[in-house]
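The two complexes that follow have subunit A in common; it is paired with subunit B in the first and with subunit C in the second.
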Partner chain A sequence: MKTDHYDVVIAGSGIAGSLIAKTLTRAGKKVLLLEAGLQAGVALDSDGAYNNYMSYLDRFYNAAAKVPNSPYPILKDAPTSNVLDVVKLTPGGPPPPGYLVQMGPLPFASDAVRGPGGTMLHWLGTTLRMLPNDFKMKTVYNQAVDWPITADDLRPYYEMAELEIGVSGEVSEQTYPDTPAPKAYFGKDYVFPMHKIPQSYLDTEIAKGVQNMTVKLNKRQYKINCISTPQGRNSTPNAKYPYRDVIWNKAEKKLKLTGLLGEKYDYNPVPSIWDAYTGQRCEGNASCVPICPVQAKYNPLKTLKRSNFDHLTIITQAVASTINIDEKTKEVTGIVYKRYNNPDSPEYTTGVAAGKIYVLAANAIENAKILLASGAANSSDQVGRNLMDHMVMLTWGLTKEKIYPYRGPGSTTNIATFRDGPFRSEHAAWISPFDNWGWSWPVFSPGSDVSDGLAMGLFGKQLRDYLNERLTRQFLLHFECEQSPDPDNRVTIDHQYLDPLGNYKPIIHYYATDYMLKSMEAAKTVSDQIFAANGIEDHTVYNPVTDAGYVTYKGQGYTYRGAGHIVGTHRMGFNKHDSVVNHEQRTWDHPNLFLAGCGNMPTLGTSNPSLTMTALTFKAAEAILKQLEK
Partner chain B sequence: MAGKHTRDDGTIRTLAELKSALQNAIELEHSTIPTYLCALYSIQDGTNQKAVETIRSIVVEEMLHMILACNILNAIGGEPAINKPGFVPTYPGHLPDSDNSFVINLAKFSRESVDVFLKIEKPATTSEPPKAKGYQTIGQFYQAVRIGLEYVNDNTPGGIFTKDKKQRAKQITAEHYYGSGGQIIPVYTIDDAREAIAEIVGQGEGIDDTIEDSDQQMFGQGIEYAHYFRFNELHEERLYKDTDTPKSGPTGDRIVVEWDAVYNMKPNPKMDDFKAYPELLEKVRDFNRTYTLLLDNIHNACNGQPDLLMKGVAMMYQLKYKAIALMNIPVPGTRYMAGPSFEFEK
Partner chain C sequence: MANNRADLFLEISALLTGFNKAELQGTGMVATYYNTVANIPQDPNYSDQELAANEANVGFFFEEVNSILKENKKDESKLQQAIAGRLMPLSAYNGLAQSIITLWYTGSWGANVVNAQAYIQGLMWDTAEAHPPGAKQPGFGSWSFPPL
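Moving on to the complex of A and B:
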């Protein structure tokens, strides 16, 4: 079966796919969107969207382990990674069960959602931009690679991304190391669409002791800088924010920010996809990961909903498998997909989606898999390589005074101090978000605290008092260490490992270089100083037996966890020998094939990648429109 | 306090009459809210999804209309009065200054209450003259207000819209107000005022012989039906299709309305009814105190402290929890449950 001929065929309806679909259909282009997940998930009418989302919530409420993927359907025919499958690997042993075939020596610890809206359904919502030096790691620190674009090049696209996602934050508070002051870095009059989400009580209490304290690291002194974190969840609109939409300007051949409604009305936060009465403000439900119950947190279905549906066709339950390539012209001629009726049955029909231009937006691991399975875009031998994540080291302790965690979004403040600095020539940079949700991540609080209390023989008022003392003083700090690209951290495929539809399962090879281990050592030194200076009783335990991500460095043990930031597998670069795509996100090898998503990022920086990826996707959409209108 | 300056023929000719009519508008919009909230809160959790969605969406739009009326009144130098005993209607009662042709109640969700809702939201017909007093439909009332605004503005040198900075800062904007479905419109000019009235009437009655409300046309929102037609879906237990008209009635899919999955709330309860039961009385009184505090909050927000509105959100949640708690308490010796009485209680 062959589809009609479209202007553009896109695989994947996460933010990259949805954003391209929206931008192109609104510019009048005919788009076909393939989505591997269930039909129900793409419902955008009021009743359908509401009922489907409520089914996600029910699944979440009923799940024993509230992991990031717990609200979303598990599909045998479109399987995905799950943090519950991340276990300690035995050297030389067979890979453990799970979608990712983990060859080690260390496990890759992040997961993804495979369904309409993609992994941003369970993102935390942090929307930090990358810093200027993040784009030139080779030049400045002789590490990794430079990007073919600079922070300045990306600025207009960052602004588009901040409108699309709906960022709440205070520009004036965004002071970063080795970066021009906010007025210079963001532009003199620039503001985010909404004011910042109020920082939590915990944040203000902790910051009292931490802000401006001096820590020593490798003989240098650093003054700690705690700042509010910009995020993609709805807050009070900023009356000074001028933009309402991003429009394709045919004459200038550019995407442009415009004020659609003029100056008259303030920016209106984008509500839930099921009605306009829900989700215009964050309500502090504190379950952002895995699911915002009111959709005050941005998700890509909000973008998809604003597409022009006269020009958009969506085929769901259609798993992109391979791409067809004309051997002579190197042009892509179709995306082969397998369409299932029942996600638990191995039966499927094969279709070929045909268009002028093709976009793979299926996530970094899936994109790499499809390219490898098709022998496509790989003249540089970089497809599947340089798989990265933030390696997250956690430290946790009890404060002297009660700080009342478990309120509000996951994180509203971060320590920006170690996001950049000369140390990057020695070890990785990191960002340290304060965590608002107690010790839930490392030790599954508050359930584990109840178990501990019961084990101590406590019940009734004594148990309540014990919990009251303990839960209210739980402090958790992250160290999200920027993983450096390494060609041996990679995705491969093998006929031995197939899913029920006969598509490849990704084989993952993953390890931590000394550059990373050294950053964990450094981060722990910083954590120790912060805890000691503020009377925080350290309860951090890195368990060599039970922690899947346990590593040692200079005789000390550390545990890393996945950040859900799957990046780097089809990097952007300067030429066809060093990379898979160019700065417009077009593959060097195939003139009508674009790749979208975090796989294009040559390095990771210390910001959560969603905002940067969205900015790059606007760049891709612009390049596609230019190519179509040539 | 209603009707102090209104002419018998229902027209508006002076600034005082206009301010009085806009105060009436605020009271009119408010008077429907307790009525709708009782029906909404009486529906048992997890049932009647369509009815809950319908009533909730409409009641938050009434709240928007109330604030829009405050914005217009502030724009012409008035002072919305919201936290006075007379502001709260007595139930059973009539829409303030209407022709008293039907009675509104504090009552559970039922066929009878939906009948009343249809009367409240009934679209105006062209044959009825605009009237700010003795009106039959809310559309008639707002027509008179709009004509009055234009008349008084045209006949006042320099117009009636305030240029005073402090007075202009009393407008409630999108910074303070959200979740209403429609568009909060700050009012500084006659055009803004016209637009605000068009929004109120458009959401309630719909536009030009269609079943749709005005938000798509005015603000590019998704298609939504006007209040009357949304209630009519419950009444007829059948959905409208996009091709339906007011005349055709709903011809879409049947819906199930679970008329029995409702707390049997005592109609039009009063604190006096519970004198014999001090604990229950205290709970009703507590509800009323919260309600009165909320009116204080909205009053202050609309009189120069718009930031306060955000703090009212927590009180609105309190009100809901307290109302539902009451509906779970049987009134001794009757087949009824207690309920919120919406009385002014300092």
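Moving on to the complex of A and C:
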């Protein structure tokens, strides 16, 4: 079965796919969107959207392990990674069960959502931009690669992304290492759409002792800088924010923000997809990951909802499998998809989606899989390679005074000090968010504290007091270490490993270089100094037997966890020999094939990648429109 | 005996959790949890023998609770000692007392969340002076102040 001929066919309705669908349909282009997940998830009418989303929330409430994917349906025909499947690997042993075929030697520890809205349904919401040096790691630090674009090139697209997502934050507080002051880096009059999300009580209490303290690292001294974190969740609108929309300017062949800096305009927070009066402000549900019950946190369905539906066709339960390529012209002629009726049954029908231009926006691992299965876009041999994540090292302790965690968004403050610096020629940079949710991530608190209390023989008032003293003092610090691109960290495919529809399961090869291990050693040194200077009793344990991500360096053990930042499998670069796509996100090998998403990022930086990926996606949408109107 | 088991359940739950009876009633979970404990497995995975053994265990547990409460009516410290010695060990009544505490604090019975309300009403969140993630949200900016 072959579909009508569309201007553009997109695979995937996460932020990359939804944003391209929205931008193109509003410019009058005819778009077909293929989505692997369930039909119910794409409902955008009030009743349908509400009922489906509440089913996610109910699934979350009832889940024994409240992991990032816990609210979302598990589909045999469109399976996905799950952090519950991340286990310690045995050298030489068979890969453990799970969607990712983990060949090791270390497990890749992040997951994704396959369904309408994509993985940003369970993103935390942090919207930091990358720093200028992040784009030129090779030139400045002789590490990794440079991007074919600079921070300045990306600035207008960052502004579009900050409008699309609805960022809350204070530009004036965004002081970063080795980066021009906020007025210079963001532009003199630039502000975010909304004022910052209030920082937590915990942040204020911890910052009292940490802000401006001096730490030593490799014989250098650093002054710690704690700043508010910009976030994609609704807060109080900033009256100085002027932008209203992003539109296609036919004459200039550019996407443009409407509204001018200095003009007055009342920005309206984007509410939930089911009701204009829900989600206008963050309500403090403290469950951003895995689900914001009121949708005050941005998710891509908000973008999809603003598409022009006169020009948009969505086919759900349609899993993109391969692409067809004209051998002579190298043009893509269709995306082959398998459509299932029942997600638990292996029965499907095959369709071919046809258009002028094609976009794979199915996430970094899925995009790589589809390209490898099709023998496409791979003259550089870079498809599937350079898989990256932030390797997250956690440290945790008990504070002297009560700091009252388990309240507010996941993180509202970060230490920016180690996001850049000369040490990057020796080891990875990192960002250190303060975590507002106690020890829930590393040790499953507070449930584990109840078990600990029982194991001590406590009951009644003594148990209640013990738990109160413990739970109100739990402090957790992250070190999100920037994984550098490595060709051997990669996604491959093999006929041995197929899902029920006969699509490939991704085979993952993953390890940590010394550059990464050294950053964990360095981060632990910093953590130790922060804890000691502030009387935080260290309870950090890295368990060689039970921690899936346990690694050793110079005789010391560390544990990394996944950040959910799946990046790098079809990198952008300078030419067809070093990369899969160019700076417009078009594949070098196929003139009408674009790739969208985090897979295009040549390096990761220390910022959570969603905002940068959204900025790159605006760039892709612009290039697609330019190409269509040639 | 059987008719006042529900009362005994509330009584012993308060002593085990450190929350008073009014606080426990306020969760709306007393009846659900009593049924969870008393009728444990309507689970088809259990054999008739297992069901009978379990029913007997629950019966003995409530008899013991009844005696402990009666014998120590007037002496709080003896009451605490009796609970510690006769109910709290994992060897006593298959660890039922500890399971009841876990049920109240976390909303889970064994490996399962009893239901959505059980998760939401978990006492551990009140104990932390917080709220269950995803429910009972305290409102914009509340997290920037110490709890009320």
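One rule holds for everything that comes next: the second predicted complex is superposed on the first by the 623 of 630 C-alpha atoms of A that agree within 3 Å, B and C clash if a C-alpha of one lies under 4 Å from a C-alpha of the other, contacts with A are read in each partner's own complex, and residues count from 1 in each chain.
Keep this in mind: a residue touches a chain if its C-beta (ideal position, glycine included) is under 8 Å from a C-beta of that chain, and two chains touch if they have at least 3 such contacts.
Just so it is clear, the model here is predicted, and its values are computed rather than measured.
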Practice problem: Please tell me, clash or fit, for subunit B and subunit C sharing subunit A in the overlay. | Solution: fit
Self-check item: Comparing the two partners subunit B and subunit C, which touches a greater set of residues in subunit A
Solution: C
Self-check item: First (subunit B), second (subunit C), both or neither touched by A:G98
Solution: neither
Exercise. Please work out whether A:P68 is in contact with subunit B alone, subunit C alone, both, or neither, and reply first, second, both or neither.
Key: neither
Exercise. Look at A:Y267 in the shared chain and tell me whether it touches subunit B only, subunit C only, both, or neither; answer first, second, both or neither.
Key: first
Quiz item: Should A:D275 be classified as contacting the first partner (subunit B), the second (subunit C), both, or neither?
Solution: first
Quiz item: Taking the superposition as given, does A:P293 touch the first partner, subunit B, the second, subunit C, both, or neither?
Solution: second
Practice problem: Would you sort A:A239 into first (subunit B), second (subunit C), both or neither based on which partner it touches? | Solution: first
Quiz item: After the two structures are laid over each other on chain A, how near do the C-alpha atoms of subunit B and subunit C get, in Å?
Solution: 7
Quiz item: Can you list the residues of subunit A that meet both subunit B and subunit C?
Solution: 281
Quiz item: Mind pulling up the subunit A residues that touch subunit C in the complex?
Solution: 57-58, 60-64, 66, 198-201, 204, 235, 281-287, 291, 293-294, 402, 404-409, 412, 436-438, 446-447, 449-451, 454, 457, 459-465, 467-468, 471-472
Self-check item: subunit B contact footprint on subunit A (complex, rising order)
Solution: 46, 50, 236-237, 239, 260-261, 265-269, 271, 275-278, 280-281
Exercise. Spell out the residues on subunit B that touch subunit A in their complex, using ranges where they run on.
Key: 53, 56-57, 60, 173-175, 178-183, 185, 215, 219-222, 224, 310
Quiz item: For the complex, which residues does subunit C have touching subunit A?
Solution: 15-19, 80, 83-84, 88, 97-98, 101-102, 105-106, 108, 111-113, 115-116, 119-120, 124-125, 127-131, 133-135, 137-147
